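Two complexes, one shared chain (chain A), two partners (chain B, chain C).
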Partner chain A sequence: MQEDYINITLADDDEDDRLFFTDAFDEIKITTRVKTFNDGVYLMDYLNSKDATLPNVLFLDLNMPRKSGLECLKEIKQNPKFKDIAIAIYSTSASEEDIENTFVQGANIYIKKPSDFKTLKKVLSEVVTINWQYHTNSMNKDNFLLRF
Partner chain B sequence: MTLFFKFDFNAICQIVLEQTLKDNDIKYKLVGFGEIEVLEKLTSDKQATLQAALDKYQIEIVENQKSILVQKIKDTIIDMVFNEDTVVNVKSSVYLADTLGHSYGYLSNLFSEVTYTSIENFIILQKIEYAKQLVIKQDLSLTEIAFRLNYSSVAHLSTQFKNTTGITPSAFQRIIAKRKAFNQDNNQD
Partner chain C sequence: MIKTLSNNISFLRTTLYISAFVILVVGALTYRSITEVTKSSELITHTYKVNVELEQILSNLKDAETGQRGYIITKDSVFLEPYISGRSKINNSFAELKVLTKDDTILKESLIKVNSLINKRLLAFQTSYRSLPKGDIEDPNFIENFRNGRALMDSIRDNIKGIIKLQNNLLKQRRSEYESDLMATPLLLFSLLLCSLILMYVAYNSIYKNIKRLKATNEELEIFKESTNQSEIVSKHGSWTYNVKRDEFTYSDNLYRLLGEQPQSFKPTIENFLTYVHPDDVEKLTMQVEQMKENIELPYIYYRVVHKNGNIKHLKAYGKSVVNEDDETVLLGTTADITDEIISFRILEERNAELERNNKELSSFNYVASHDLQEPLRKIQTFLSRLIDEEEGKLSAKGNKYIDRIQNAATRMRLLIDDLLQFSRSNKADKVFEESNINLLLEAAKQDLAEVISAENAVITSDTFPTITVIPFQIQQLFVNLIGNAIKYRMEGKIPKINITHQIVEAENEDNIIKPKYSHYHKITFTDNGIGFDNQYADQIFVLFSRLHNKDQYSGTGIGLSICKKIVENHKGYITASGQPEKGAVFTVYLPIA
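And now, the complex of A and B:
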């Protein structure tokens, strides 16, 4: 049967954003386990470690020091070990170029960081619900594109 | 002389299960603790044979009636959306109730309780999935796709596509095409 919670991971260098993010997941209906990292280097070290719990959905901030979200995306897409992870770009940028570029490079979801908590909760809840549908109904992940 | 034994029941059950699955030629993966993922579609005949073989050990395949019915709802919807031979002339709520022999109210509550989404949303999600497949193939116009999926107009399909994915059908088509080219370039390096 299915596991009863979803593993979520976020890499974001902004402390407030990380806090809002975990708070939002505490309030939504689907049970999640959320892990956060301060930048791409910490994230990739963790994912590449032997006993890492791979997330169902990974949220990547684009602008991070040391290793950007885009660099993480590239590394993740090159490693078959990570093929089941849905990648969500979680960024303040909403430039059409950034959005299309990340989708082309394999991101599944693009979220422009909402400015208020209520919208954030709604968006994250929808992301997790739709990802859950893909996961439990063996739908084709190659066609999984979602934008907020 | 008397010998004393110590058992590990889990280990024993696991060996019995694995042996029986192998005897029945079923491909499987151990998930752990009484859970086995079957890596193929198990026909009801095959499942009955498996259950019969397990009977003497008093091992039983646990089936949750609720999740079985939910799976039937999903299968019916997917057949309704993806199988063009299945022609539905009534509203999908009536069709589901008739096919599955329960009131729509009951089905709808059960579905929401188990899947975190409503039947209506699930139907839309599946229709858009089908639309995506057709859009990628590029041999049908959006008008034809809208017609096939029973949308009253292209505008209605485009709006529902955008509302569900956040992307327009043409942007979706462009992104998937670019991604294919991008992956090909990368594999050549």
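And now, the complex of A and C:
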């Protein structure tokens, strides 16, 4: 049964963005289970807990209080337990510096939050259906930032 | 200079030695010839004396003979007087001759022979006049005696004449020797003296030249010293020497001034100097001075001094050891007043810190612009899009119109934020210049604009570019903005054509290049067939937020060309625009060839 779901997790401190995110997945015709956390600390606490369901794709906002997305990324990449989680950076900005840093730390894709709900749905459904195994192998700095 | 002088000194020394030698030779020769001449004249006198004595003997004999004859004729014993006195006179003469001829064996033998002959003759006299009273002159014995006497007398005369002749020959020979000696000596002396004179002249000449050169050098040194004094004052440094062995210092005038004192106003010793050194630096400096005495290579020494009026000055000293002519180690040092440098350095540091703060503020502003401003805008847009999607048809026509307007305003705000970000990015400090293939950058720019180029069927032609050292992403941005601009401001109903050319030009031939820093530039022109503009706005279009058209007609923020200007300025280049309304515009970019 569990195999039929794609487990999606989002860490974002912005309530509106969490709302857009969950609404978008509600409307997408893919069976997903979406979990959201209000910041990096809540996220890491959950992931490190014993009965945690590890997500297939983890969306990380960068600018969060207490623990930023970049810090979460570093922690996750250091722990072999999380090696199968695909990580999508999900941020308002797409500065060169942020893209560079997250790429170097091993994130799988960088999404600049769209300003249109239709686009959002399109982007999210695209990302969760990517064959990550294949994508990771062919990943380079040029296709790291998702263009839409 | 020093080398020629030392060469000259060795030349002078050689000249002196040669001159001294010549004088010694002259002296020796003179002494020798004087001795020779004396000896010659003595020999001549000697010969004369011998001759005179011999003549004397002969004459005495003749007197005796005459006396004897007189006696024989007159029988008067008065006539015998010369004979008696002649005997002793002859003896005297012989004694004299004996002394004169003691070194001449041949003469001696001849004289002995003569002497015996004379003795025989005298004996013959005696016999002849003794026999006289017994007989008369016809007595055959007497005649025989007389004849014998005569023969003896002839033999004596011959002998003496022979000796005199020999002596005369000798005299002749000696005289000629004497004469040649007298002739040769002055010639030799004269030529030697001439040599000396020539040498003296050469030496004098050389000394004179040296003195002249030394004088000129001295003058140069004097000037150099004066200019050194001046340069010490102007550049605020002083010099000193320290003789390690003798523990002696000398300070230049300006070193005293660096301490706030009159030149040479106190004895230059380390103790006196230390009274001016800042109390906190005394220990350090004393230690360094000790090291200075031992080390050959010395590092810079930094310390402070306190003037009597309380001013604190920062000094920097450097010393180098050399060995002087007396084989003593001497430190040559320079001390500079670096107070101004330190003050300006501090000011510079403060300004740098301020600039850094400003930069940080600017980048935090960038972050605000890129993130914090975008976030609420994005939400407005997202909510708007959801509102339109979900509530479509439920709103009144007016409501729909308002939503449309809100959407337009939000889109425009996003454009502004994006362009501002772009502009501030072109300001960024970390610009890396690389040798770049400009053709590839142009291709990449076309790629960025692919959508709009194909939508408008724009035709872009270009020359082949050489590699140029540029900031690659900025030049790509420049191409994107200029081509994008040309397409945006196209003529209605005309296919936009953009021609990009490249050539290398000399700065002085280009009126657009003002106060060039380089002699040659890459000139890149972008010529389009768009709507153009009135040339009076040629400068204005590069000003931030300035627009020539209403934003209803052409979307735009008025930032694009400002970014172009910024990028070209980052490359120390120039950008100009010229236009003709309804015909088109030409943008010209100059990039320096470093």
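Assume the second predicted complex is superposed on the first by the 128 of 148 C-alpha atoms of A that agree within 3 Å, B and C clash if a C-alpha of one lies under 4 Å from a C-alpha of the other, contacts with A are read in each partner's own complex, and residues count from 1 in each chain.
Everything below uses one rule, namely that a residue touches a chain if its C-beta (ideal position, glycine included) is under 8 Å from a C-beta of that chain, and two chains touch if they have at least 3 such contacts.
Worth saying up front: this structure is predicted, and the values here are computed from it rather than measured.
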Report for A:K29: first if it touches chain B alone, second if chain C alone, otherwise both or neither.
-> first
Can A:S95 be said to touch chain B (first), chain C (second), both, or neither?
-> second
If you stack the two complexes on chain A, which partner ends up touching A:D16: first (chain B), second (chain C), both, or neither?
-> second
Determine, under the contact definition given at the top, whether A:N140 touches first (chain B), second (chain C), both, or neither.
-> first
Is A:Q105 touching the first partner chain B, the second partner chain C, both, or neither of them?
-> first
On chain A, which partner's contacts cover more residues, chain B's or chain C's?
-> B
First (chain B), second (chain C), both or neither touched by A:S49 = neither
Could you tell me if A:S115 is touching chain B, chain C, both of them or neither one (first, second, both, neither)?
-> second
Chain C-contacting residues of chain A that also contact chain B | none
Residues of chain A defined as touching chain B within the complex = 1, 29-30, 100, 103-106, 110, 129-130, 132-133, 136-137, 139-140, 142-143, 145-148
Mind listing the chain A positions that touch chain C in their complex?
-> 14, 16-17, 20, 63, 92-93, 95, 113-118, 120
Which part of chain B faces chain A closely enough to touch in the complex?
-> 35, 64, 67, 74, 115-117, 122, 125, 129, 132-133, 136, 165-167, 171-172, 174-176, 178-179, 182
Contacting residues of chain C [partner chain A, same complex] = 367, 370-371, 374-375, 377-379, 381-382, 385-386, 389, 410, 414
